[in-house]
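There are structures below to look over.
Presented sequentially are two complexes of chain A, the first with chain B as partner and the second with chain C.
Up next is the complex of A and B:
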């Protein structure tokens, strides 16, 4: 079940950063990839994130996300040329629809952007303990009850996956087939897994508030923390660097760099 | 004596329910006392626990709450639950909901953190609490990766770190395997002996455990206190307990029926042994007729691993005859469920062969196997998804392509058999757990399987509900169905199963007729399995292993 906790123990540079510095990095990845819409620029951002993923030694834990990430990119590549019209360099005309080089480049840029954003989030989750992240979010001003909620979700994923697998087995044992039949019977059959999972989860976690309050939790009250975070000089330097780069990227965009279509994001 | 908890004339009606869950209940827990609350399902045991811990009326919605509860003299109403748990804290049945942090250490630290204690003090309490429950050394582990028993002990530690004087255990061991149950009760013994806690309130269907721990017992029936008094006195009310579908301690049943008394009816084994009269005659118990020669299930050197390297089944050879009713026992993680799922075809063995009624089914798909084998899971909520009970029972039949007329006939037949005909138009979601369990069982039996696997079917059911379910299964078995029951309840094994197979670490370590298996107390104890007290009593006083109180009565004559 450990594979459902994303965190991978490690001693890489990114691992050793304070979670707040890592959050700054993720925010900056969002800024960098959003201000440009030229594939060369967003591609550079993606390359930087990928390099960080590889250097942190967490690539193997992200195996289960590859398919999703590739689908995300492919979807963007297919859809954007249809919707982002304009540009002069006509590449091809298909069934009366014109595809321009600009719209394809834009699609590529957005594909890189989306993948970079998701990947940076995953990088944060695979290199930080949830509890450290929770504390970091609190220290950054998020109300504790919200940060606690975030970490609780991660705690319950393994339990839910376990329930889901058992439900799947239980339903297969009584003849529910999830891969056979037409769309409607498949939908009906997937309800055989989703409904019990929902009900099991509801029943199970209906008592959760009782358990939490029994332990003295008061949503709005102050509390102390066993863990401690230290924002060291290195974290400060890293954060300053990425923030500077974010500002610089905005400056570049304002001066017309890194764009295929200047008037859209 | 200092009163730790006092409940005065409490009435509770949950929002939207027809009747009161508690109807004028008064109860007390003094300092230094162990009090057990017993009663059938729906009697209000959990509600009373929640009133004591201040969860009611402070959390949740109620149509009516009257009366008052005091913890160390202070009225609980409109106090914060967390404030009350500093003196009186409640451990719930489902350990999963009580653990919501990621690691063991942070779980225990959560309470002290909320109390805004200094970091050093938090650390001290975490260390102290983990030591008390025997989890030292696991501080950095993820809590979800622990065993059930460890999880429940962690839940206890995380309440202990608030340093309560009263602990309430509401069926806290029901979901655990025998080892987990023993671990939790070992911890309770230690907490009481070392006076870490001053009082303990227990809810447990296993009245042997209650007899061992409790000073006083409160019997709840239909929201009212039906009896209250010295533990021996209440647990000795054999007839009353039986009529409520409870299971009195077995020695009490035997002593009651044979009119063996000391001052009162003995409820503990030691006590019974002291006063038991000389046995005049013992008749040898005859076994149920052996099943026929035909094999229903045959496993040959079966190996299985979920990840390809850690073997969960290590060369299992296993044969089940047609018409057998056998028990598969062993701790969680020993491979019982994996073995059952290999038989069902949900899992495919990595090595070895599976034969079902003689045909090689090793590579067969589960949907094919489902025609012969039915699998009933522990939690009915794992399979119920239809809007009416009728639809639920019809689902598997329709998936098999039967005609509507045939579907209707089978649904009504199985509903009749399981006693749920009146529920056919109900939404299963709103039924009680025992009823939902019957619906789940019926939906499998509707398919007419020749082999039925029950995977811990009685977890969370009262003894009365357990018997009702197992009697139905026994009737099926008498009609020729082969039954494999995975269970942690040894009295269920003793009463219903003629053969017992024990697994440990992916291997079968014992496979014998139940009487022979339960005679081997030493081997069972090595694996943390404890046969019913009747076995021990009969061995000591009559020199044979008898399995149930009834069997004892029928075969032992005293002078």
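Up next is the complex of A and C:
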């Protein structure tokens, strides 16, 4: 169960912020890292996010993501020098392809950008409860029925994955082979897992509309909440600060700072 | 013009919200279940995801709930639980939304036969819908990632197109053949819940045919033309390029996205 819930209990500054302030932070990390394409600038953004992760005490929860993050960075370092050509400082020529210092710097900047974005999203999820995020989304204007649906997906995923793994084990015991054979036979055999999982899921959820309506769920009704979120002065100060920094980063970019290639993001 | 009102009004129906939870949950859960059994396209880089067969399958059953379900299922299963939440996730959300939207929208506008995949004509129509939806998502998501400087269009579009086409093209018809008759009997189809909509059209209007043709041109032809631009026809990959290397590619892809928008607008019209 814990595998599907990223939240880590804690008392850090970031934990104590209103989820809306944290969402603003994530949006601003996206802005900060997107407006620059110089590795020094995107690297600074990444360093700031990493510091926040360490200060929040959630780094150990993110261990399972390090491989993915490194892969993402490596993919960027390999692909962008091939596709984002340009620059004048030739570093090396391989098989007729010229790698310039500028294209390599751009690739490094994008690698920092991607890791910073992923980490900021994970920071939000490891420091916020799903129910708090659901409430924050409704307060930000998302219709309640949609927010309810999204949080229900989070709640039911462990049950669906559990069913899926049970069906997978049962079908393998019956001789269904999902590991060997060519792509087509393996794809065809995977239907032996998906169909029973779908039917099991539909049986499980067939009664759900009745169950939730009998507990007072009316999609169009105006809701009241047991939980409450309070946007305090420090949430406002934090949000104002990150928004100011986002605006300042756009100003810097417009004035030619933080760029390797001035005409691309 | 009816601007696909069902996309928004579906949230008024508890059964459609449940269908959304099933679509999104199943998509996200299958990404997890099959993560342990990767079917590699490029070993260590990208694998075919059998879970990709879910959007065109749930789309024909749950209609608009599957569109939202595909978008949210991918966001939760891949971006959030998989640790890939970035600015690219916006394109992923939009692309996966159309992954669930395009199949049912084309079907309930232009095909009078049911998608049971038990006759050759039903199967061919379903494969056509899968081909179009694969092209649409292979155009939208990589266009966004190229636009925001995330992943180059050419590389990603190629992978997404074949990943969607192979997974959905093989698995989804099997799922439809096995599940559709049962779903119809059980009253699980979206038009059983949202009254006033036709699951298959009583008459096929010419502008719906044109809309479908435009979506096909944008998704399938457009994706491949843009990929070709990305490997050198227009974007000078094989020469020593100017700084603004993505511009020709974004321009060509942008034209096809406009064609796609016109096609969808025609399909939306009653």
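What to note about this one:
Heads up, the rule we're going with is that the second predicted complex is superposed on the first by the 212 of 265 C-alpha atoms of A that agree within 3 Å, B and C clash if a C-alpha of one lies under 4 Å from a C-alpha of the other, contacts with A are read in each partner's own complex, and residues count from 1 in each chain.
Operating definition for what follows: a contact is a pair of C-beta atoms (placed from the backbone, for glycine too) under 8 Å apart; a residue touches a chain by one contact, two chains touch by 3 or more.
Nothing here was measured: the structure is a model prediction, and the numbers come from that model.
When the two structures are aligned on the shared chain, A:152 is found in touch with chain B and with chain C. In the superposed model, A:98 makes contact with chain C only, not with chain B. Of the two partner chains placed around the shared chain by superposition, chain B and chain C are both touched by A:199. Residue contacts after overlaying the shared chain place A:186 against chain C, while chain B stays out of touching range. In the superposed model, more residues of chain A are touched by C than by the other of chain B and chain C. Once the two complexes are overlaid on the shared chain, A:12 sits clear of chain B and of chain C alike.
When the two complexes are overlaid on their common chain A, residue A:226 makes contact with chain B while staying clear of chain C. In the superposition on chain A, contact of A:209 is made with both chain B and chain C. After overlaying the two complexes on the shared chain, residue contacts for A:68 are found with chain C alone; chain B is out of touch. With both structures placed on the common chain, the touch criterion links A:241 to neither chain B nor chain C. Judged by the document's definition of touching, chain A residues 152, 154, 156, 163, 191, 195, 199, 205, 208-209, 212-213, 217 lie at the interface with chain B and also at the interface with chain C.
For chain B in complex with chain A, the touching residues are 50, 53, 55, 59-60, 80-83, 85-86, 89-90, 92, 94, 96-103, 105-106, 109-119, 122-123, 126, 142-145, 158-159, 162, 341, 344, 346, 366-367, 370, 373-375, 377, 379, 381-385, 395-396, 399-400, 429, 443-444, 447.
For chain A in complex with chain B, the residues that touch the partner chain are 1-2, 5, 129-131, 151-152, 154-156, 158-159, 163, 166-167, 169-177, 191-192, 195-196, 199-200, 203-205, 207-218, 221-228. Residue ranges of chain C in contact with chain A, taken from their complex: 11-15, 17-18, 20-22, 24-26, 28-30, 32-34, 37, 39, 45, 48, 50, 53-54, 68, 72-73, 76-77, 79-87, 89, 147-152, 154-155, 166-167, 170-171, 174-175, 178-179, 182-183, 186, 188, 230, 236-237, 240-246. The touching residues of chain A, counted against chain C in their complex, run 4, 6, 30, 34, 37, 62, 64-65, 68-69, 72, 75-76, 79-80, 82-87, 98, 110, 113-114, 117-118, 121-122, 125, 143, 145-146, 148-150, 152-154, 156-157, 160-161, 163-165, 168, 178-179, 183-184, 186-188, 190-191, 193-195, 197-199, 201-202, 205, 208-209, 212-213, 217, 219-220, 261-265.
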